[in-house]
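Sharing a structure with you now.
A, B and C label the chains in the order they appear, each numbered from 1.
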Amino acid sequence: MVNYTVAEIAILLDGKIEGNAALTINKVSKIEEGSENSLSFLANPAYIPYLYTTKSSAVVVNSDFVPSQAISCTLIKVKDAYQSFARVLEIYNQNKIEGEGISTQSHIDKTAVIGKNVYVGPFSSIGKNVLIGYGGKICSHVYIGDHVEIGNDVMLYPGVKIMANCKIGNKVVLHAGVVIGSDGFGFAPQNGNVYSKVPQTGNVVIEDFVEIGANTTIDRATMGSTIIRKGVKLDNLIQIAHNVEIGENTVIAAQTGIAGTSKIGRDCMIGGQVGIVGHITIADKVKIAAQSGIMTSIVNEGEVVQGSPAFGKMSYSKSYAVYRKLPELNTKIYQLEKELEKLKQSLPIE
Amino acid sequence: MVNYTVAEIAILLDGKIEGNAALTINKVSKIEEGSENSLSFLANPAYIPYLYTTKSSAVVVNSDFVPSQAISCTLIKVKDAYQSFARVLEIYNQNKIEGEGISTQSHIDKTAVIGKNVYVGPFSSIGKNVLIGYGGKICSHVYIGDHVEIGNDVMLYPGVKIMANCKIGNKVVLHAGVVIGSDGFGFAPQNGNVYSKVPQTGNVVIEDFVEIGANTTIDRATMGSTIIRKGVKLDNLIQIAHNVEIGENTVIAAQTGIAGTSKIGRDCMIGGQVGIVGHITIADKVKIAAQSGIMTSIVNEGEVVQGSPAFGKMSYSKSYAVYRKLPELNTKIYQLEKELEKLKQSLPIE
Amino acid sequence: MVNYTVAEIAILLDGKIEGNAALTINKVSKIEEGSENSLSFLANPAYIPYLYTTKSSAVVVNSDFVPSQAISCTLIKVKDAYQSFARVLEIYNQNKIEGEGISTQSHIDKTAVIGKNVYVGPFSSIGKNVLIGYGGKICSHVYIGDHVEIGNDVMLYPGVKIMANCKIGNKVVLHAGVVIGSDGFGFAPQNGNVYSKVPQTGNVVIEDFVEIGANTTIDRATMGSTIIRKGVKLDNLIQIAHNVEIGENTVIAAQTGIAGTSKIGRDCMIGGQVGIVGHITIADKVKIAAQSGIMTSIVNEGEVVQGSPAFGKMSYSKSYAVYRKLPELNTKIYQLEKELEKLKQSLPIE
């Protein structure tokens, strides 16, 4: 990070300074690990005690925060400390440029068309009739198959593999080891138990602003396209099967798997290690708890589910609370049976 | 796709034409997205309405299908529309050749022996004493370790890694990022809590016609071989541990894991995200529902199980139906206790 | 394996010979698959019968073992046959050297500093200001980002990717396709449902003697470090999120995921496909059964848990036993209700 003054950072964040506007900032650090010239942030109330002892030169806080003790650091008061700090980190991060120009150790087919200011790292391979926009970074060991189309300002980390005919939008980020466009898992049984492959002739379409985590795999459609809509964020080691469609701005945590042809709504939040079967539809704004198994469509917008098979999260929690007491319940039923029997036998009736 | 006539396609599929046999076909499309010169298929009854409005030139249907309205397309009637269409897509797909010859940007040890008509892409590395049959495609960024043996007509997608001493059969397909022959997870505790590695000196053997999905990992045996038998199909992101054996034509969905030394029968169907513990045996033709946990051997051929730990799928479903009502059950038991108590107190008896 | 005599192996293992000390050993094999000049081991009593028929020249057994029948092989008696054999396999394995020297087909930035006797394979890329100790093996297709520091005697298998600024200790083993230092999954919602990325400016620190399985992913910290402590062993396809810390000698099986900022104790044993939510703490020596979901901190050292959400393993098993009988329980409650009603109606009271 180059040197900034507290005043410059406050302008950047649209913040108000309480303290010394002339201090130099050249690094960021956690509030409890601060040192001279470092900038920290305070968003979580649990960390307030550190404010009174921090060695950071300046701390970004929410505008409604009022210290209850004396402080030695300068405060930068902003509307939302967490978001503002994210902005600072982004600037800080701009130093992490991978490289420039086209490596002489890359392989680029002569029919590929690459825009201005694109970086291509060593050992990357770009196939026939590939189109790439401007400004992107294609790190080392990236494979881009024939007829792939890629937008502007993408970030393809080392070892990304994009198979033939797929389409990648603008400002897409694919982390290391991501595979886009592997064959869908389609086999037709024939002659007893031998399977013959159903050719997978479609592609994958990834729209603008999508980010996909390390070693995640997205299969191409049998026909048509597997589609990841604008702004979707996928974590690491996720499996997206053929012909799936994921709606705008849906966020999915690590190791979740979505089976073939299922359609996920927009603005959904899906936890880690969730499994979603094939050929179902999930409504918009649905929330799915981690490790859930979704076996049927979810039709109500904003539903919140848990369990395998999943149902309403509140109901699931109540059932699970009883599940933990099942041995007691079992004993109670046994005792009820015994007592009732005793009662019946002690009575002259029936 | 090159140009075909409807007549040519009908011959290929052993089908009967109803309509214009001379029409040109040069692409395939979904029935609802058809256009002139495209071929579609109709296997799922839900899509029948599209037949009457499709713009496809020809549609492949089952031989017993009779349209209930007027149609403008030509029909090709076949025994099994789904399988026939798969055959057409296969032909269509034959255009997707990755490349030819041996890239000058590859690394091939001088002791490696490679058969005729093998493609080796840029940045692929082939080690000492490797043997490769004829006709295979080894795409870019593939690693083949020393002493590996590979059969004929294999397809190794970009970034496949086959570690030393493993054996790959004929017509095997390994998708991008697959790792074959990584070390098994074997550590012996010693000196308190420090672990020392148990060397993994075996290999992996993959028989003919196996297909393995993207980023799946198969560990080498501690001694002997981890074995994937003929015709097995594995989806993406699966973990197969050391010394596992998977029987012929077994199919396993994404993100399933099989722990060390377990032996899976032939013709099994295993869902996604299943976990199978080590040192057990699964009988032939067993079906395991998605997300199940298999903790003990399954000895009966054709058993169908679910749950974690898994038991009979029907029984599991019944238990789960009650699980969803557990809070009500809990209340009922409470009321029964109260009523019984009340009854007892209202009676003169003891 | 080069030729050894039984006498040499006995010295190596601190064992006592019963039989012919001069026999030649040049391979290792399972006791049931032995042949001349091979060495086997016998640790599991189930394999004792093979001892009397094995064709292995020598068998390593525990010092207290006494054969009950005549044997034709030579015995090497040691304190712990399993561990001793591991030692032999380790020696045997030392032949599996990947290569020597720096490949001319690699890419090494001129500012990188590499120690003595390091192997760098073809198509590996080493960035700016990288520091690497002595004696390591960096196989093919490895990516090492700018400013990465790596210790001595590491083993980086093909396709390992270490992103910028991460630190790797001595004798670390990273299997094929491992990704170290991918961005943490951090996004702040803003403007409705659009997410903006929280820059991930920290790194990953991997201490000495750590081994990490194929295609496992470890995200860099948002700030500070994601830390994998000394002696930790991670299996394949595991996901470790940003700012996680894993204590010394903890062992984790395949496909487990740990969400952001959680802190795992030392000497823990975590099964496969476990999910651990973010922002919690797991005490030392905790054992977590496969497929469990950990939703809250575990504060007691040595606790053993199961389930999703997990609780005590014994309690879980008891609850699960009742779960399997839930339909019967349901029927019993229904019958109790009916009988009680009948009883009440047959009585003159109320």
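By definition in this document, contacts are C-beta pairs under 8 Å (C-beta built on N, C-alpha and C of every residue); 3 or more make two chains touch, one makes a residue touch a chain.
These numbers were taken from a predicted model, which means no experiment stands behind them.
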| item | value |
| --- | --- |
| Rigid-body rotation angle, subunit C and subunit A, from Cα fit (steps of 5°) | 120 |
| Interface composition of copies subunit B and subunit C: same or different, split at half | different |
| Subunit B-subunit C separation of Cα centroids, rounded to whole Å | 25 |
| Set of subunit C residues in contact with two or more other chains | 123, 141, 159, 177, 215, 237, 255, 273, 323, 325-326, 329, 333, 336, 340, 343, 347 |
| Complex contacts: residues of subunit A adjacent to subunit C | 28-30, 33, 82-83, 86, 89-90, 92-93, 96, 98, 103, 105, 121-123, 139-141, 157-159, 173, 175-177, 209, 211, 213-215, 231, 233, 235-237, 248-249, 251, 253-255, 266-267, 272-273, 290-291, 320, 323-327, 329-330, 333, 336-337, 340, 343-344, 347, 349-350 |
| Complex contact set, residues of subunit A against subunit B | 107, 123, 125, 141, 143, 145, 159, 161, 163-164, 177, 179, 182-183, 185, 187-188, 190, 193-199, 201, 215, 217, 219, 222-224, 237, 239, 241, 255, 257, 259, 273, 275, 277, 293, 308-309, 311, 315, 318-319, 321-323, 325, 329, 332-333, 336, 339-340, 343, 346-347 |
